[in-house]
Amino acid sequence: MVGEGILKGLAETARNFFGSYVSKDRLTTVQYPEQREPQIEATRDFPFLVYDGADWQQGMRCVACQICEKECPPKCIYIDKSKDKKPDAFGKSQFYPATFNIDISVCMSCQICVEVCPFDAIKMDVDYHLSSDNRFGGLMLNKQRLSKSNEYYNAIHPTEAAAVDAQRAEEKAKLDAKAKAAADAKAAADAKAAAESSLAQFAPNQSAAGDPQ
Amino acid sequence: MTCLALWMPQLDQIFVTASHWLLSYLPAALQPLASAILSVAAIIVAFATLFALTTLLERKGLGRMQNRYGPNRVGPCGLFQPLADGVKSLTKEDIVPIRADRAVHFMAPVLLVAASFMGYAVLPIGRNMIMVDMNAGVLFFFAVGSLMELAVFMAGWSSRSKYSLLGAMRAIAQMISYEVPLVLASIVVLMQAGSLSTVSIVNMQASYSGIWPHWFVFTPWGFAGFVLFMIAATAESNRSPFDLPEGESEIIAGYYTEYSGFKFALFFLGEYIGMFATSGMAITLFLGGWSAPFSFLAWVPSYLWFFAKLLTIIAIFIWVRGTLPRLRMDQLMNLAWQFMLPMTLFNLIIAGVWHFMPGGLLRWLVCSTMVVVPCILFGGGLKRKKKFQIRTYHFSQ
Amino acid sequence: MSTATHSAASFELEQATEPGMDQLLEIAMGPQHPSTHGVFRMNVLLDGERVVRLKPVFGYLHRNHEKIAENETYLGSMPYTDRLDYMCPLTNNWAYALAVEKLAGITVPERAEYLRVITGELTRLQNHACLIGFLMQDMGASGTPLMYAFRQREIILDLFEALTGARMMCNYMRFGGCRVDLPAGWLDQAKKVVAEFPLFLDEYERLLVSNEILMDRTQDVGVLSAELAISAGISGPMARASGVDYDIRKVDRYSIYDRFNFRVPLGSHGDVYDRFMIRVLEMRESVSILQQAMRDIPEGPIVDPKTKIRGFRPKPGEAYGRIEAPKGELGFYLVSDGSPNPYRYRVRPPSLINLTILEDLCLGRNVADVVVILGSIDIVMGEVDR
Amino acid sequence: MNLEIVKPEIEANIPGCHLEMVTNPSPSAQHSLLLDAEHAFAVALYLRDAPNLRFDFCSNVTGIDWPGKVVAQKVKVRKLVDGVEQEVEETHTTTIPGSLEVVYHLYSVEKKHGPIILRMRTQDREAGVHLPSLTPIWRSAELQEREIFDLFGVIFDGHPDLRRLLMWDEFQDHPMRRDYVDPDDYEYEPTAHDEVLQRAQQHFSQANPVQPSEEEGR
């Protein structure tokens, strides 16, 4: 019979028409500004720089090694290495980025910078409200706009951040133990003075790093 | 209750009495002119509002069929969306192609809208609510309807665009082909009613046996005629699945490719108004015009029934649009000349048989068979010629 | 811009000089046209509405992907492959990873192979579903099938996002494995999605398969013979619709496809309807593969530990790796000279090569058929123009 | 497919043809056959039609640019310097001529085997180098050979419709050649990289008096 398939199709659209009033599964549209989709943990959009503690300049993990700049496929990262050094979270004296710019109009959110970073300093953000009225400057993020705290990182990617923190704590403990052993050895050789000075060296940084546990 | 029963006829005639009352203030010499202006204004306002409502309903209905919300941002439930669309089309730049024929390019949408509105002159919208009770009303309606073809062709030709030209060619071929079955399908009603006047056609249908009305659609020939008329009307008004003249995936927007801004909106308006007009004619011819579907509902104002029927037909249009893919030109022509035309001609014979046979079950049986058999024959012929079928597939090992 | 104007000018000249051409209508369908699936152009010569000649024009989206890749590290090209056929990023990743693994002789852990199969088949599901939607859109079905497909695709893209972090630009595969392991609860969710997918297919089939208008529009339209399909290098569902029994998953048995039990549907007519139906049937087979893969997935490492992320330098040589992508045979040809960048990087784009026979299919048909035939070929301009 | 078996078979069937095995040192071990241009068509036809081979599916066609190299070698030579025979280092430069190479990957749909890889090389890499087209044998080479013509500049004799594929017809150069220098008439795009920025600014100041209004926001 001619028209059978057409009637079947009509029945199907009618079913969907009424179904969309009944079933939530059918109507998948999210009414954006009022409704938001739940944040998926793995989501990524653009990179940011992690810092420990309260002060973004003090606690910045980035040591300006420029690996990410080299590996970035669209070459959207620009780093100037500092002239001087400052102590990092582990107490090692390191360079820091004098300039760290990411042009997110060029960035393609590929995450390769995160993968190659040996210092867990650059991670992927989830903030997609990035509209700007300035075509050129507004999408060029500088060091300050890129810096986000470790707490923020823990909030957006809890599983991944916990693993990173645990690893860093382990590293730090190792370094501490090493330093302690060195200090002990020194103390054995020399008396108290050396041990005190080494303690004095570590104390302020520990507070700046925040407690990773 | 008695109060309601008393008031209902008043309510039914409220527009008629109101216009009489308004006109009584004018000198007698001006009254015919003023009456015409008043009715024209009323029709334009009513159907332009219906157009706005339909665009919204269409988008919402299609949206729901496609599991979307449809427009719901402007105003409550998106009610002001048509208004926003209107403002948008008014503020858009009006672009005319350099090499276009500017005069014709301008006139085409105007003519289209004017032609599509003219048909309403003979449509009885309610009891005593008709602009001109012409005794050749149906003829006038189809004559005016064919003016739209001219407007469409003017648009396509004057734009000097290849897509517009293709669209216009398709439109002309399609609209002329479907005009034939459209008129032939309505002839059965004229045969039965013995009149070309729309008012007397509706009056014939507005009586009841028991609670059932005497609508022509409730006879075999009337049902076949109605279905054929609706198919032809869909093609006439370029609605999916017969929207080839503007098939957006093939020829951009067909004859109005080169129109923008308010002229584009006029095309849109003209198309919908034309669709309402042909639907209104289908209601008048087959669905008893403004008459109620059951005798006990006859107290509801007649114009409400008309619009209820109109909205139902529009809903079916939207439903079909949301489901079916478009036909191709040759298939469209095959349908017109190999199925619609023989069916409508055969329907004339059925109507004649119905007229001369004595009433009763036998008449019903004979006429129904006479509808079903050619339908299967012609439809099957269409299918057999194309040799399409559901296929089975095999798998490699 | 200059492309369009120059070509148009040269074309008009041609039109004037050839005899008998004044009776014909020349139309440039595209690059801005609703149904060219991107910025693709066909110069169509029409006699009435019948196509007399059709010349495809490419390159509007050309960005010299291959040259970019020659200046990137091997890993740096991985995110660019997402952008080739942006409907199915994961199979692009896979094909590239496979080619590099062949080039450098890297083995892939078993769990990673399963992850690749799962993500790859999910990609196939959503690509085929959407393609059918696009095809119906070209046929004028006002988007209803497309919206159903997109509803389903959304669910699959949510899975991709939960796993890879992005809906479309996944950048998930790595040389010797995958980037991240499944997050908690992902597999259960995916099982649910796959279990519900046949319901969607049933709905799709009720809506479309027996529709007379659709059959009338697609059957015996754009018939491609098996001989021409093989000679013209047509691959994927399009070749199988013409009855060419060639599925790289079966022929090459790459990855772990030899472990799964699935069938390869074959068409007999090679027309648009067959191409459409083959995709429907392939989706059903993909569902079966997915169910088997998700049942059997083992625990274990997801990436070969010997492969370095930085400083990856394969030995000099070359390799051609190919997979059965949803659109056809997607191959990557790599030449290494021992440096961190590939010396030569070539994509074998199924979309482009499947377009070889476009003119053959369209000649003598009319404009309405051209868009349907183009829709059934399944192209993505990101891949055609590269 | 074992090339060691195929090669003598072809050589036996196509008289006068000269085939050379190109070994591939990488773990993929996809070795290839280098054809000479005169007999390439005949060899390809044989590969397609020989009943035991039936390579009817030409999967991939691509070009490779091998620019000419100047290799400097330091050689120690004994020479008479100031009447005394001494060992002196001398630099010998040898020029390896460049070539454009076209690679065909063939599979067989009928026999389900493959790949077999064919290569052809041009004499040099000047403008207007010719190679025979294999499109008459495999239609799938049609667009791909056009692409090679477009991007590498190899002219395929016997190709039915050899035009540029991806670049526009008026374009002059061949972008996939290794020595291609891209023109700096690209759109000004703000970037963090000095050299790109410099080139962009230079271009805009020379060619176009209109400067980009915004400075990059560093």
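Chains: A, B, C and D, in written order; residue numbering restarts at 1 for each.
Here, contacts are C-beta pairs under 8 Å (C-beta built on N, C-alpha and C of every residue); 3 or more make two chains touch, one makes a residue touch a chain.
Keep in mind it's a predicted model, so treat the numbers as computed, not measured.
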Legend entry - Furthest chain, CA centroid comparison against chain D: B
Inset, instruction - Write down the chain pair with more C-beta contact pairs when A-B is set against A-C. - result: A-C
Legend entry - Central chain (distance from its CA mean to the mean of all protein CA atoms): C
Legend entry - Rounded Å distance between chain B and chain D, as computed from the means of their C-alpha atoms: 65
Inset, instruction - List the centre-to-centre spacing of chain A and chain B in whole Å, with centres computed as mean CA coordinates. - result: 61
Legend entry - Cα-centroid distance, chain A relative to chain C, in whole angstrom: 34
Legend entry - Whole-Å gap between the CA centroids of chain A and chain D: 43
Inset, instruction - Mark out which residues of chain D touch at least two other chains, giving numbers and ranges. - result: none
Inset, instruction - Two or more other chains in contact with one residue: find those residues in chain B. - result: 65-68, 322-324, 383
Inset, instruction - For chain A, write out the residues touching at least two other chains, lowest number first. - result: 2-3, 6, 9, 12-13, 16, 26, 28
Inset, instruction - Name, in rising order, each residue of chain C that touches chain B in their complex. - result: 25-27, 33-35, 49, 136-144, 146-148, 151, 207, 209-217, 219-220, 245, 247, 250, 263-269, 273-274, 277-278, 281, 366-371
Inset, instruction - Please give the residue numbers of chain A that touch chain B in the complex, ascending. - result: 1-3, 6, 9-10, 12-14, 16-17, 19-21, 26-29, 31
Inset, instruction - Within their complex, state which residues of chain A touch chain C. - result: 2-6, 8-9, 11-13, 16, 26, 28, 40-44, 67, 71-73, 108-112, 115-116, 124, 159
Inset, instruction - Report the residues of chain B in contact with chain A in the complex, numbered from low to high. - result: 61, 64-69, 319-320, 322-324, 376, 379-380, 382-383
Inset, instruction - Using the touch definition up top, name the residues of chain D that touch chain C in the complex. - result: 24-28, 30, 56-60, 62, 64-65, 103, 105, 107, 109, 112, 115, 117, 138-144, 151, 164-170, 175-176, 180
